[in-house]
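First chain A sits with chain B, and in the next complex the same chain sits with chain C.
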Partner chain A sequence: MEKNVSINIATDFSKNLGVRVGPSSGETFFEEILNKKYIEAKDTNRQLEINLDGASPYGSSFLDQSFGKLFREYGKDVVDRIIFKTQYFNWIVDIIKQEIWKS
Partner chain B sequence: MWQKTIILSKVFDFKDRNLKEMIEILVNLSKLWHKEIQIDFSNIKQIRKGDLMALMAQLEKLSLRQKQIKFTGNISKNVRDLLSEKVVHFRTDVLNNAKIASEVNPDIVENVVNDLKVLGISRNSIFGYTFYERIKALLTEIMGNAVEHGIRNKNINYWLTSEIDTKNKQIIFTFVDMGQGIAHSHKRAKTFLKITGLFSDNKIIIDSLEGKLPSSTQELNRGKGLPEIRKIIEKKIVSEFVLVTNRTLVQYNNNQFSTTRISNFKGTYYCWTINKNNFEKWKRTFQ
Partner chain C sequence: MIAIIFFFFIRALYCQCWFSSIIFSQEILPLDALNIFVSGVIAVWLGWYITRKLTEQRFLKEFIIKDICRIEEQIESFEKLINTNNATLQSIFAELNDLKHKIERFDRTTKLTLFSCNDVNYLNIYHTKLYKISTEEINLPADSRNELQSICDDFVVCLRKIVCKINNM
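So, the complex of A and B:
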């Protein structure tokens, strides 16, 4: 079985996250990493595994400009394709699934 | 007379019952046409660092209008301890340990949130870690809003401080920016007209907290920051919440938000406390 595409936000992007725009922002994360990895996963029909631990803070503007934007561009496939891995941020996963992906 | 002296009253504390009076002082300062403004600290018996910081933020904005600001009077030890010099001309670095910046800065947030250690709240457990992260997210959102909607291109800073209240075993967080204020940015964008047709600042702020109002940017996916702040307050992660912006004073007491109409405060002031009970209640929600 082919391995999932993966992102570790702390090591692949930044440990200190910003807000919607600016340094280490949701916009930059979307453009530089999330969108590309999502397309890679979709094109090869694999899951995208995202590890949230080690990076913070996950403010609503960061989440909306990254995960929200992905959902607005690709729709429900995003919900089915992304798997979150976390020990500490289950509450963030709830926010993404219940609020950000309902935009 | 080109000079005006403002004599601060005995108690300069937003958490005190004379909160409205304090707001009035800050509002009136912004209206002064005098070239030189003296702030007289002689009467001050009680002042909090966070509220002295709010005064500084207002003075910073005044200094951009070429006003000379001076501190006068016999400044008490209490105030002297907060200021870096006995009597000083206005400088932005005048307040000891307050963090000021004009861009979102994770280091500032980290630094302030670290004070939770004093309450014995440790990051070493999953609950402690999660609690820290909620507070970090709250502060970062407030900073982001201040930068985007309040102070960008205005050559002013946001100001943030935490202070340890050993008597009541709590930490007091204060954040202030002297931008346009939340209700004013909605009024400029006319977002409220689309939803409610009502004009009061109180209604605009409460609707924003409840997520009934779209963002002042008019983008439908936005406007989640204030509802997120409301949830943190309702879950009792923080206590004694106060928000002052434009003509609205918002407080959270007895499990509900209340609003009071005030003079137009051109900016946004947040204050809340965190004590060990907040953490214990937070932990219990997982058990």
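So, the complex of A and C:
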């Protein structure tokens, strides 16, 4: 079985996150990493693992402009394809699933 | 006062010879002795057991109420932060993260005890409201402070309702 596609936000993107737009923003994260990795996972029929630990702050605008935009572009498949890994931000995962994706 | 009234009542009954038919035997039968002993043991055990259970329950209530006080202190810390000019996204997020962990700890603790409370869901709702409004921008806009303060007020009142519920259980 092939390994899942993975993203570690702290090492692959930034430890200090921004807001909706601007440096280290949700928009930049979506354009440079999230969208590309998601398409890679989808094309190879794999899941996308996203590690949230090590980076902060996960503001509501960052989440909306990254994960929210992904959901608006690709729909329900996002919910089934993405696996979150975190020890410290389980509540952020809940916010993404219940508020951003409303699933 | 009650003792004095009771004394005069008994005295009145004695004068009316109400106690003349009562005969006290000086013989103690083995069965009477056993009866006294068993009654005494049961009374002592019941007294010990009930007192212990009440003490345990009181201790547990106070322990859980302390947890709620910690959550309230965390909200106060958040309120102080949003009323300063130094409220950045990073500092606000750190406060909200601490607050969330305290709420989760409280939720998991109450599930271990008899004091399980559905109002914890409201705590999560208030937390999410604070999160959505206060983490939109890098620096907290001044005009969102009033709304955040109002949510904090409702949050604290909800906590106090939980304290009353737990205290009355």
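Note that in this section the second predicted complex is superposed on the first by the 102 of 103 C-alpha atoms of A that agree within 3 Å, B and C clash if a C-alpha of one lies under 4 Å from a C-alpha of the other, contacts with A are read in each partner's own complex, and residues count from 1 in each chain.
By our rule, a contact is a pair of C-beta atoms (placed from the backbone, for glycine too) under 8 Å apart; a residue touches a chain by one contact, two chains touch by 3 or more.
These numbers come from a predicted model, not from an experiment.
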Touched partner set for A:91, first chain B, second chain C, both or neither: both
Which superposed partner A:19 touches (first chain B, second chain C, both, neither): both
First, second, both or neither for A:72, with chain B first and chain C second: first
Chain B or chain C, by number of chain A residues touched: B
Touched partner set for A:45, first chain B, second chain C, both or neither: neither
Contact residues of chain A, present in both the chain B and the chain C interface: 16, 18-20, 22, 56-61, 88-89, 91, 95, 99
Chain B-facing residues of chain A, complex: 16-24, 56-61, 64, 68, 72, 87-89, 91, 95, 99-100, 103
Chain B to chain A touching residues, read off their complex: 103-104, 106-107, 109-110, 126, 129-130, 133-134, 136-137, 139-141, 143-144, 147-148, 220-222, 224-225, 228
Touching residues (chain side chain C, partner chain A) in the complex: 89-90, 92-94, 97, 100, 104, 128, 131-132, 135-138
Residue ranges of chain A in contact with chain C within the complex: 16, 18-20, 22, 56-61, 88-89, 91, 95, 99
